[in-house]
Amino acid sequence: MSIREGRFDEDLDPAILALSQSISFDRRLGGDDVEGSLAHAEMLHVADLLSAAEWEAIRRGLEEIREELERGTFPFDERAEDIHMNVEKRLAEKIGAAAGKLHTARSRNDQVALDLRLFVRRATREVKDGIRALAAALIEKAERHAELVLPAYTHLQRAQPVLLAHHLLAHVEMLLRDLGRFADAADRADECPLGSGACTGTGLPIDREFVRRKLGFARLTANSLDAVADRDFVLEFEAAAAILAVHLSRLAEEIVLWSTAEFGFVRLPDSVATGSSMMPQKKNPDGAELVRGKSGRIVGHLVGLLTVMKGLPLSYNRDLQEDKEGLFDTFDTLALSLAAIRSTVEAMEPDAARMRAAALDPASMTTATDLAESMVARGVPFREAHRQVGALVRRALGEGKSLGEVAGPDAPAAGDVDAGIARKDLPGGTAPSRVRAAIAAARARLAAEKGDEPRTAEPDRA
Amino acid sequence: MSIREGRFDEDLDPAILALSQSISFDRRLGGDDVEGSLAHAEMLHVADLLSAAEWEAIRRGLEEIREELERGTFPFDERAEDIHMNVEKRLAEKIGAAAGKLHTARSRNDQVALDLRLFVRRATREVKDGIRALAAALIEKAERHAELVLPAYTHLQRAQPVLLAHHLLAHVEMLLRDLGRFADAADRADECPLGSGACTGTGLPIDREFVRRKLGFARLTANSLDAVADRDFVLEFEAAAAILAVHLSRLAEEIVLWSTAEFGFVRLPDSVATGSSMMPQKKNPDGAELVRGKSGRIVGHLVGLLTVMKGLPLSYNRDLQEDKEGLFDTFDTLALSLAAIRSTVEAMEPDAARMRAAALDPASMTTATDLAESMVARGVPFREAHRQVGALVRRALGEGKSLGEVAGPDAPAAGDVDAGIARKDLPGGTAPSRVRAAIAAARARLAAEKGDEPRTAEPDRA
Amino acid sequence: MSIREGRFDEDLDPAILALSQSISFDRRLGGDDVEGSLAHAEMLHVADLLSAAEWEAIRRGLEEIREELERGTFPFDERAEDIHMNVEKRLAEKIGAAAGKLHTARSRNDQVALDLRLFVRRATREVKDGIRALAAALIEKAERHAELVLPAYTHLQRAQPVLLAHHLLAHVEMLLRDLGRFADAADRADECPLGSGACTGTGLPIDREFVRRKLGFARLTANSLDAVADRDFVLEFEAAAAILAVHLSRLAEEIVLWSTAEFGFVRLPDSVATGSSMMPQKKNPDGAELVRGKSGRIVGHLVGLLTVMKGLPLSYNRDLQEDKEGLFDTFDTLALSLAAIRSTVEAMEPDAARMRAAALDPASMTTATDLAESMVARGVPFREAHRQVGALVRRALGEGKSLGEVAGPDAPAAGDVDAGIARKDLPGGTAPSRVRAAIAAARARLAAEKGDEPRTAEPDRA
Amino acid sequence: MSIREGRFDEDLDPAILALSQSISFDRRLGGDDVEGSLAHAEMLHVADLLSAAEWEAIRRGLEEIREELERGTFPFDERAEDIHMNVEKRLAEKIGAAAGKLHTARSRNDQVALDLRLFVRRATREVKDGIRALAAALIEKAERHAELVLPAYTHLQRAQPVLLAHHLLAHVEMLLRDLGRFADAADRADECPLGSGACTGTGLPIDREFVRRKLGFARLTANSLDAVADRDFVLEFEAAAAILAVHLSRLAEEIVLWSTAEFGFVRLPDSVATGSSMMPQKKNPDGAELVRGKSGRIVGHLVGLLTVMKGLPLSYNRDLQEDKEGLFDTFDTLALSLAAIRSTVEAMEPDAARMRAAALDPASMTTATDLAESMVARGVPFREAHRQVGALVRRALGEGKSLGEVAGPDAPAAGDVDAGIARKDLPGGTAPSRVRAAIAAARARLAAEKGDEPRTAEPDRA
């Protein structure tokens, strides 16, 4: 039942066969393929292109195949090139000639577009779950250590005192944007391509709407050529993934820094640390390092697919087969990275004393801005206040004194870290009341992010 | 009034100075910077941090500066490092000491985040206008040549007959998705960061809401650390840009192909073609080639910023200065590419005869699928029909005959290209009535894309 | 014998464990790991750190392991994280306590650097073989069709007549540069890192030179910190790979174009073409399309690793684990792409008549430059000749005549394609004698490319 | 004298004109263009295609133009599209009709390939100078602080004591490889493309060898189609640049870390530090941060050009115009980054006490490996020694003791940092004698890197 039959004389060259096979990775779309075929076949029956008996046989056969796939007993045949031909071939083994009717009014071009959209839908839902769980862990951590003070950094130099909770919530903001990006991408991808055929549709009287409803898509794709030539839904998923991965790399970088001997802001319990094969004393934050490093491959996958798509004429070109492995690996990597960094966040134990000491360190003078602002409140233009405090800073450094000492008792702002924090009492500021409100608001926004009712089974792991 | 005054002893090393200056490119944000400063200063006045006279002086000074910037008479000072210090310095020259109060409760960290968001807002609006204009040109072209037939291609091999209008609408679909992506990105970016200070807010009693309303933002940024450390709004703009640029490269590739001697599907008038310095006969589709090539730099800019952001700890780091040049060039390149490809689309003249001849070419047998589907309609399983038609194809090729000849008079589907097109009468199909409806629908969807009321001045060109 | 023993209390978090395991892919380095360990152990014996009996036991054990790996019977243990611990664990099962001495004076940091260099060495050799074979196929094709004439293109517009052989040799030039790049990368990578320990070397009296000679490296790495922190040898391999992959994409693009109905310059036999699941007549150049598309992932892998390395402090960081999968996939993809495109080149059948007709097509006027140059030979300044021929071209197009007709009998250059080719008789030109010489020279340069004596076993395929 | 004259009726569309002009950036190639034209014109004279008077006029005219370019008085004309037409037009203004003979036997396709190769040649020489200067600064620093001890890090956790000099030399190793990469790239690029014409050479009797010798190239390009279609020499420069930029980002990252309050390993004098507009106390390592961030754009430029080249058929396509801006920016960025990081290295002042304290910190137990190796020297298998020391580490941490205390007096290795360093007495190790030898060797290798005799003028800065 090869598609070469009839038209072709010779076998395919082995190197090209090896290059063109996709069953080694698109087997992962088996469940999606069966789901799409079930909807398609039922529609063919409704449209009188399959008899009741044929539909029944196909339905039963496909359900058996689904079970074989789930159980891992499906007999994959490498010569049958891809998952679509594997499923069709297996169906023929089960039900005979009627299997030859399943591909009526369908091409692998619209079929693979469908399967891949089903995968992206599932993958998006799972990634969003992972993001929510990580955000929840950060919020939980923020709440538990709401009173802890550490320096905020700019240029990795101590800048101003800040609540640890406020710092952790900064990462939550990134994640909330990530949720929005994945949701928007999923909305835009929520279109059923089946019925687009090889590229112009089909001349047979099919019902695209029936299939759409059956598979739970919001809309039909509006143009058959675009439907088989488009991979925007993969690109947009990967672009959202790249930004998320970069966010995770930033959080990971901080955990790496915070767990150094030099910072000492957090202790990583043994459950999230690893050792050295040579140095017996070592305890390393490998999880965070790996998450940081994983951003590379996700950026790489995005670049890879953009490069593939560049300059391709319409409609389907075989280059599009390159859409899958990068997507699958992006999803797997994100799922695992989200889980690993969440475990690390949950496990890490802040060292309140080290953090506070860093914020209070006289040599770091993290209250200099508070001092300048207190002068502004007394009418000194800010630039002048900045200059005067700058000179005080220089004097203090030269004399080995604290800023409070050189500023004198009339400038309490120079010495009181907690008062400085409390004064940042504006939206987005680090005053304790604002941070408490921000925690509540973040929880509410996470909850408000529309729940994704599963419309299909969960994506497997490769 | 340098910020080095007070604190620093020595001048900055020349190489580091050269590396760190941004005035050679961020001067472009001058208008945005003034706009933000006007809103900020008015708020400072309302909050009693500026007297009426001070506010009035600052307002007048900034408006003069805006005019100087618009007229190109602003005296940029390379030693004043960036646009923010240039404006402040100029203001001091104009109004004296009061200028030193403008930076009250503000840092360059939140100021540059604001300026850049204002730029992205304007740039998004302009890019969307360019997308709409290109989509309109494609729709117009589709309507004017609604009856033209050419082959649809898969693998760049002739696949099935299709209407030119249907083909052009495929590109419109891509553009409609692009519009959505830019709109979503803009919505997510629609937050006012001012008031976040250097990273923790400010202790002075400012009113962030006042500034937000004044500048027309939908929301306030919710976390001060995130507000100065975040460049998602640039990354997301650049990711949408990369996908759009790849779409344009695909359209450009088709124009290059179609204007070859071999395809001969379109003629490019002299207004959109260029010559050779050596070969007198040459007429080249340089516009399309350049648009295709421009996708490279836009992908490169996205990669560049993702690489910059990877692994940066919170909050602001100077690496973030790398956000601007790539963004500016992405915007300029998109604006120009959209205009150039639109000119090309508008100007190109389809060769109806060449297109139709290609669709009818006996050796290409573009009706083979119609023939197979006509057999399906008579009850032959599709796989069997596919095999039989495949054998007919082989026979026809061997005997040098057309598919219609070997199929015989009982198989009219093999010979009638127009009937085949008409039979693709399903949503997304190429039947003439469907394509007419699709043209109307595309127009409506373009119009429905929410109009973007300009909230600020237009972005200049570099 | 876990490295966690002694130091750690708790098991590793499952998500971090899943993220950090590498045995699922670094098992591929099994042979390299054993080879390195054999050399290391023999040196330990020579240095009196292993007794004769211990060395003998280790040698025997490692050789058994090598056999198990080759036969596919090695019992991989996913909990033993990576290939190094798997081999050590297996060795302990085989020989008991003495296995605990193998890791003396060694860390996984220098060990994995060694294994990966051994892999790159083998991979480079194999890729170079693939390049040579493709270049030989192109040269062979050029020689067999030495007299065929087709248009050279610029801007994909017909430019000037050229020999097919000359065109094919252009691709050989690219491949010769690729060979040089891989050779240079391999020379630079030819350093033995073992003995660098975790990052500062070892305090035990080992002999690095002994190991280097045993493993056939040209030099020792010169700094222990760099030796474990460096992945230049992977980056440089991947950069050379990306350029090669882009070259292959250009050749593939031409094969796709040439096999269209519109160009019709080559016929692809069935052995290198594939069919459609829906359209019975289709014959597609999938091999060439896939090779073109594969360039994306290879560029992506390069970007991925550059992103990983960016901003990493010394020395070893766990992010470096991300070096392997991209490298392995780059190698596999290149090996397969080279073979597939070579098969396609060997199989494709030029259509001499179609090619020549395109070069002679009156409307394309590919001899216009020859005509202008003949005027130059008569003393007309080139710019003036260019202008005059341009006007003739316009007249010919307007009157539907050939350039020869409007140029008149005094301008034979306008009409004689073969004479024009013969006149390009300069180094690098397309005159037949020059092309014959170029074929001979290309063969000689290929042969001169230094033969790579295998110093280790061949790299497996994943 | 436009190349549109004769052949074209209409003016070029403004958007396409704006997109296709390159004079705004390729003006930078003015000196190269004149140099190439001088060699070409002299050859035309020798080949009797220019009279002595014509050659003399052209020579004089071009020399005047070169002077105008150098003095900044050249009247650039934006309508004349690119630098080549600008120079030719200016020459015509100066010498009249004879200027029309300069483009004899030449196309902009081979001309721009020549100009760009001349630029890459100059740029490579200058980048190599910058690398050498940075390496020399690192070596100088290493020598001056040869006795300083700090911890070597893996996973950013303290690993083992090491000499600062040894650490700095690790960066020198990277730079030595970079030198090699740029040298290899330059050797491969050392080919003269002139004489390749538009794509097939020329029919006029020119002497390519004459031009090659005049311009100091090692070889002629061997195939005219490849010569105008190839941009490997840009890609390879950019690939070497990307790897170098990543190296600089690693060094920059360490300077950022070392100058934090937490590490405190180096003090940055005011000349290489910058302040904050809001926070008076701040002193930031902006130079290092910028160098770290600049790696992003350089990676982006490489990706951009790879994307451009992907899938381009032969020979010249206008997409190739995208080769220049990325290349120019890559060169400028590298030159500035190398200078800025060198200034920072030269200026930074190590804090010997902080470094040594970190290495000796009892909680970090950086001598644990020495202890284990001392047990190995007494016959304990390494794995067993590793386990035992791991247990000691755990006990020490639990009891708040140093490793020396729990190990007892019989284990001196646990306590003596300097002895541990001295014991790493093997090639590439950190023993003082080895490091002194490595300093000398690095100096010698730098000097041995072949001197690049300037063969053309220095590349300007944009």
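Note that the chains take the letters A, B, C and D in the order they are written out, and that residue 1 is the start of every chain.
Here is the rule we use: a contact is a pair of C-beta atoms (placed from the backbone, for glycine too) under 8 Å apart; a residue touches a chain by one contact, two chains touch by 3 or more.
All of these numbers come straight from a predicted model, not from anything done at the bench.
Enquirer: Identify the chains adjacent to both subunit C and subunit D in the sense defined at the top.
Expert: A, B
Enquirer: If you tally contacting C-beta pairs, which pair wins, B-C or A-B?
Expert: Pair with the higher count of C-beta contacts: A-B.
Enquirer: Express in whole angstrom the distance between the two chain centres, defined as the mean CA positions of subunit B and subunit C.
Expert: 34
Enquirer: Report the inter-centroid distance (CA atoms only) between subunit A and subunit C in whole Å.
Expert: Computed from C-alpha means, the inter-chain centre distance equals 32 Å.
Enquirer: What whole-number Å value describes the gap between the mean CA coordinates of subunit A and subunit B?
Expert: 23
Enquirer: Can you list every residue of subunit C that touches 2 or more other chains, as numbers and ranges?
Expert: 3, 6-9, 103, 109, 154-156, 159-160, 197-198, 257, 275-284, 286, 289, 292, 295-296, 299, 303, 306-307, 310-311, 317-318, 369, 386-387, 389-390, 393
Enquirer: Using the touch definition up top, name the residues of subunit A that touch subunit C in the complex.
Expert: Touch list, subunit A to subunit C: 3-4, 6-13, 15-16, 18-20, 84-85, 103, 106-109, 197-198, 269-284, 286-287, 289-308, 317-322, 325-326, 336-337, 339-340, 342-344, 347.
Enquirer: Give every residue of subunit D touching subunit A within the complex, in rising order.
Expert: Counting only subunit D, the residues touching subunit A are 154-160, 256-257, 259-263, 275-286, 289, 303, 306-307, 310-311, 358, 361, 363-366, 368-369, 371-372, 386-387, 389-390, 392-393, 403.
Enquirer: Residues of subunit D touching subunit C in their complex?
Expert: Going through subunit D, the ones touching subunit C are 1, 3, 5-9, 49, 97-105, 109, 152-156, 159-162, 166-167, 169-174, 177, 180-181, 184, 188, 195-204, 206, 208-209, 220-230, 232, 235-236, 239-240, 242-243, 246, 249-250, 252-254, 257, 292, 295-296, 299, 303, 306-307, 309-318, 369-370, 373-374, 376-377, 381-384, 386-391, 393-394, 413, 420-421, 423-424, 426-431, 438, 441-442.
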